[in-house]
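Lettered A, B, C, D and E in written order, each chain numbered from 1.
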Amino acid sequence: MPVIDNAIYRDGVRVATPATLEETFETLDAHGGFAWIGLYRPSDAELDAVAAEFGLHPLAVEDARKGHQRAKLERYGDSLFVVLRPGRYVDRTETVEFGEVHLFVGANFAVGIRRAETPDVAKVRRRLEEDPELLAQGPEAVLYAVLDEVVDEYAPVVAGLENDIDEIEDQLFSGDPAVTRRIYDLASEVMEFQRATRPLLDMFGALERGFDKYGVDVELQRYLRDVKDHVIRIVERGEGFRQLLQNALSVHATLVTQRQNEEMQRLSEASVASSEQAKKISSWAAIIFAPTLIAGIYGMNFAFMPELDEPWGYPFALSLMAVFALVLYLVFKQRKWL
Amino acid sequence: MPVIDNAIYRDGVRVATPATLEETFETLDAHGGFAWIGLYRPSDAELDAVAAEFGLHPLAVEDARKGHQRAKLERYGDSLFVVLRPGRYVDRTETVEFGEVHLFVGANFAVGIRRAETPDVAKVRRRLEEDPELLAQGPEAVLYAVLDEVVDEYAPVVAGLENDIDEIEDQLFSGDPAVTRRIYDLASEVMEFQRATRPLLDMFGALERGFDKYGVDVELQRYLRDVKDHVIRIVERGEGFRQLLQNALSVHATLVTQRQNEEMQRLSEASVASSEQAKKISSWAAIIFAPTLIAGIYGMNFAFMPELDEPWGYPFALSLMAVFALVLYLVFKQRKWL
Amino acid sequence: MPVIDNAIYRDGVRVATPATLEETFETLDAHGGFAWIGLYRPSDAELDAVAAEFGLHPLAVEDARKGHQRAKLERYGDSLFVVLRPGRYVDRTETVEFGEVHLFVGANFAVGIRRAETPDVAKVRRRLEEDPELLAQGPEAVLYAVLDEVVDEYAPVVAGLENDIDEIEDQLFSGDPAVTRRIYDLASEVMEFQRATRPLLDMFGALERGFDKYGVDVELQRYLRDVKDHVIRIVERGEGFRQLLQNALSVHATLVTQRQNEEMQRLSEASVASSEQAKKISSWAAIIFAPTLIAGIYGMNFAFMPELDEPWGYPFALSLMAVFALVLYLVFKQRKWL
Amino acid sequence: MPVIDNAIYRDGVRVATPATLEETFETLDAHGGFAWIGLYRPSDAELDAVAAEFGLHPLAVEDARKGHQRAKLERYGDSLFVVLRPGRYVDRTETVEFGEVHLFVGANFAVGIRRAETPDVAKVRRRLEEDPELLAQGPEAVLYAVLDEVVDEYAPVVAGLENDIDEIEDQLFSGDPAVTRRIYDLASEVMEFQRATRPLLDMFGALERGFDKYGVDVELQRYLRDVKDHVIRIVERGEGFRQLLQNALSVHATLVTQRQNEEMQRLSEASVASSEQAKKISSWAAIIFAPTLIAGIYGMNFAFMPELDEPWGYPFALSLMAVFALVLYLVFKQRKWL
Amino acid sequence: MPVIDNAIYRDGVRVATPATLEETFETLDAHGGFAWIGLYRPSDAELDAVAAEFGLHPLAVEDARKGHQRAKLERYGDSLFVVLRPGRYVDRTETVEFGEVHLFVGANFAVGIRRAETPDVAKVRRRLEEDPELLAQGPEAVLYAVLDEVVDEYAPVVAGLENDIDEIEDQLFSGDPAVTRRIYDLASEVMEFQRATRPLLDMFGALERGFDKYGVDVELQRYLRDVKDHVIRIVERGEGFRQLLQNALSVHATLVTQRQNEEMQRLSEASVASSEQAKKISSWAAIIFAPTLIAGIYGMNFAFMPELDEPWGYPFALSLMAVFALVLYLVFKQRKWL
């Protein structure tokens, strides 16, 4: 059922809740007041019926049908067409989902069209019905209340993004390489968020410029300015997030290089140590190899090798080996190879 | 044949389809209405004929002849000269090709000049002929419809660029080094796209400022504002693409360094492993070399080597070798070289 | 006790110091003048009492209750609502703490609400009471004095941040890797500081635009312009700090890479040195190994080895060894291996 | 000779070509029309003579004498002083050379002063003399024609810079390290070019603001707007070049790091390969060394070595060597060292 | 002595040079004209005397006393208060030193206060006294002349900074690592310079807006516009310097990485060469070791080794050694190890 709620208000009070759109149109024509109709995924026929009754402009109806993908406010004669992009932070995927809400506001009607679950329009209606003084301001009060709700729903998005950035800052200095992708993805989300929220500033500017011309109630002006003030803060936060992530990315690049330096230092030290060791090993190899040469010499089979026949030959050879090895040992020691 | 179509309209209806430009001029002078002439690569003579008949300004004709390379709107007295740069996304090369369309709009004529295949002007004419109410607005309706078509044709360009960026994001984190060039090339394309679309904002601003002065129909104003709204979105997307690619480039640089870190770690580990191995090999070399020294000693030919004549000499020597090797083995083991 | 001070002034002089808010309201109604009430963490009831008496706007009261987190100035009919974000530099943590002060200024009242220790409102009151001429300007003089105090208190914040940046510059070129985090953290503080101070520029702009309309005294205008001038300098310093830290970050990245180069050069030199050494060691190994081969040959047990029986055999073999070793030595020397 | 050309025009036609400046002044006073004087590096005296005759402002004359180094347009009463910075692309050095042209335009005179070869003022005069209708507009037509010429001469500069950027793009991806300096130098040239061309936008803005006040002919307005349009395109191109070179620099840095990765991979692979080889060599060393140990043992001279006297001793020893070597071979094979 | 010069002018001519300030005030009251007083580090009392006489605003006097640290122009009723920040380039340290000059300009006085050596106010006075026509314009002529002098003194600062940047460019490509710090320090100087000069643009804007209201002489307007023109050029140069240094920093980072690549290539080549060498050495080791094995075998003492008793045994063994070595040599040669 696409018609969520459908009521007629007079002086801030609900005076009728027609069952069908036709009945709404008739009651409105007969008794005055203004109709507030909430549609959820209406069919083309239903949309055309509403458009015909309230004289909605075909370009606006076209946007409402196809989606416009950018917040805007367009004035067609006496009526306003407003596109809003409510946001919802999805913690599991660290993304922001954007829906789209359309609002037609005329002298005696406010028609809201929604295709996603957010924003909570029922809550908006409850709030206004509890504040008859405000609702008595007519369809413009509905416009205010929907704007207020959509802007209020950005607060958890800002909180979610801020929380992610806090986590990223911790991750950054802990050296987790996965932070690169996270920064990139979050920066894209923030850009998306800025694209959704920044046009609201122009929107409120356009609304304010129309305050005098269209005789908007002073009190309602204040309420709208209050919402605008929230928008300014949200847009500033978005911009702040963008800068923080930019900084985080720069810092991350530096940290990655810094870690590389540490790795390189480790490599350099390993290389020096390995080279030291090679010297040590080679030195010892030389020390135990030297006696082998002497043994080889006295193992030669020459007939005339005087030392061989001397009784001091053997101890002499052993001593020679020991001396040779010792000399090498001392030489290496002195050269700091050992 | 440079004249694509050539018709005279009165009250939104095609009343004549003259065979030649001369006939058009005569019919127009005789019966009123307005002429809509579509030229495709006209010769200088044809352009001069049209210019002379409709009093087109020489500077505008000069631009139409040589190409102006930047979208603009210039007002010469009662007539407008519009330059547009339609775009076409070429998927194969991931480039955007820009053409150029010129439009002269006066009180009783609309002359379109095209040198490339895009935009689809025939479609524009069909659309307008099916909507006599709009066409009855005269040459300004033609201006609107051409603007709308050109701006609509930017949508697939935006989609193509977005698709490339999505692919680049995937490529980015998969470590393909070819992504550097792709980011660079796409960033150049996006810059080109921004150069083509951003002047449209000023153009629509200039058009809007002329709305009151030149008595543009309110409904047509809305249609033009609707096109402007599309332009805003397209320009915002272009800017978003630029920022995304900027981010992608920064992130890519960091990822490249990150990969370098991994490579360096691999190198460092290989170096340490190789150094460990060298110690092992050297140790084993020492272990098997040590017995050789003993064998060498007892291979010496001294006459007086008491051990040689003892029956326990040989087993003693073998045991000495074994003990020597074992001691070395234990020493190396203790030093964790083995 | 939430009521810090509560006084009624006439012609710049304190004429009454009522004990309760009720008394204040009565005295004010009876004798004129204006009330200056300072509240510290008021309860909701107290806030409501003040709001009811002075007709404060619910939206402003709501902001005062919940905190608004952004400096702003809002005009509700004849009264002004001002939100300020006083800052305090905490040297120990190198952070800037921001409080929030609310000020309601009407024709006959100035109500200040504070929730933190800063700013020093008592000082503001003392200063004004010592300058009756200024205080005679009424509640707007209070507005000026509070603005002046809050802006003056930014000076030590600027000094603290500047001092940190000076330290960072020294740290930067000393090669301390901890500087990365410090730059990042300080940049976040500076961003926060800019978020607190930049809205003041718009605030003073709005105040100035109201000077003529609301008949602000010329002398007071000058005082306010003087404060604005301080704000401009503070905002410029904040922007300068941001740029300096940006530069520091870029320079730091380059220095890190530069240090990497030095490390790599060290590694490269170690590698070359180690390779030189390997050549040297191998050469010496060859030189002492060569004689071993000759010794081995003459240790063979062939029956017919003519040299063995010759008396010159042994010296010949030794000479051969020496020559062999010498030749190798010279070859290696020539090849620069030794 | 500093006076290049010196003519008096009436109704768009050259009516006199005085030989000296004195004659020009006299003719002009006597018969009206306007003088167009072209000076090339005039002496101070000549400049003073012209200044005195036409009442040129001392500040403007001072600028004309010393050079002003920035395009500007200054109005002194009825006369205009224009400084232009014509550019010339020098292909050999890939630099842009900037000259300076001064133009004094009054009710009845146009004085151009040039110190370099560009722009081609003779061409400007020829063009105007061939278009009497335009020249009949008086000195302002000269202003237009000089502006047009100077702006037209920027076209080859833009083409030259674009060509350099194209070459840089190719060089970039070919890995030539010299591209760093080329990007830097070209970026400096582009900055210089922007400094020369951007002030023209303000200049044309100032001219346009004076259109109504000074009754500039509508047609001439269009011509000037046409030149302005060229300036916009040139300034946009300059900005585009700046961005392209910025991108090129970023991409270049990434490519350099990417090449480093490849180098490091090569190093890493070489290191691993070298380590593999060391294992292989060591294994073979062990395999051929093992038999040596056995040979050494059986070369010992113990009196009682039973195997020595057995007929199977020798083949047994050889087999032992073979088995020992084979076992080692298999062990190493199994450990994948061979 | 704080009073540098103290004179009264009428119609552009110095008519009195009072010895004391009191005398000045009296003369001025009695005979008209205007006083131009130059103070150097005045005491508070002297400042107060001047302030009282000329009705200087306390806020301005406060700024003059404490220093304001930012160029500004403030209008207090009929009088102007101007703060200027003259700059001086110190070549030795490559820094820019900024002083502060205050100027009070009223209907009949111009009071200049200086605390540093620059600017050369005596020169300003000399220049004006030599140009009575200009000085006849009264105190505003003094304002112009001081502004002109301060702005002129920025020229050597610009030249000094430009010279440093030129040197940095050379240093950059010569690979001197000290350039990092130099770029950073100079960038800080340039930022300081921009902070000093940029407010001048707003200042001149404020002056121009007052031209009509305060009836500034047309000729003086031109002179002031001429100074403004200099300021624009100086501010543009400052901005250009900032960009050049930004570029230099980016390029420097790339060059550092490029040098790293070269270092890494050197390392990689050294590593490959060292590995080649290891193969060569090992091969030669094997070649000379192989004969040792054969010698060892024939050195064994087995009773039954048939070859030992053959006359061809010895040559056979030597040939075997040679063949063995040769085979190894050829194998290694074929495997490209030698």
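The rule is short, and it goes like this: a contact is a pair of C-beta atoms (placed from the backbone, for glycine too) under 8 Å apart; a residue touches a chain by one contact, two chains touch by 3 or more.
What you see is a predicted model, and the numbers here were worked out from it, not measured in a lab.
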Steps needed, at minimum, to go from chain A to chain C via contacts: 1
Interface composition of copies chain C and chain E: same or different, split at half: different
Computed distance of Cα centres, chain E from chain D, in Å: 23
Centroid distance [mean C-alpha coordinates] between chain D and chain C, Å: 38
Multi-partner residues of chain D (at least 2 other chains): 250, 253, 257, 260, 264, 267, 271, 274, 278, 285, 289, 292, 296, 299-301, 305
Category of the chain touch graph - line, ring, star, complete, other: ring
Order around the closed ring of chains, commencing at chain A, then chain B: A, B, D, E, C
Touching residues on chain C, where the partner in the complex is chain A: 57, 59, 68-70, 72, 74, 76, 177, 180-181, 183-184, 187-188, 191, 195, 249-250, 252-253, 256-257, 259-260, 263-264, 266-267, 270-271, 273-274, 277-278, 281, 284-285, 288-289, 291-292, 295-296, 298-301, 305, 307-311, 313-314, 317-318, 321
Of chain C, residues touching chain E in the complex: 169, 172-173, 218, 222-223, 225-226, 229, 232-233, 236, 240, 243-244, 247-248, 250-251, 253-255, 257-258, 260-261, 264-265, 267-268, 271-272, 274-275, 278-279, 282, 285-286, 289-290, 292-293, 296-297, 299-305
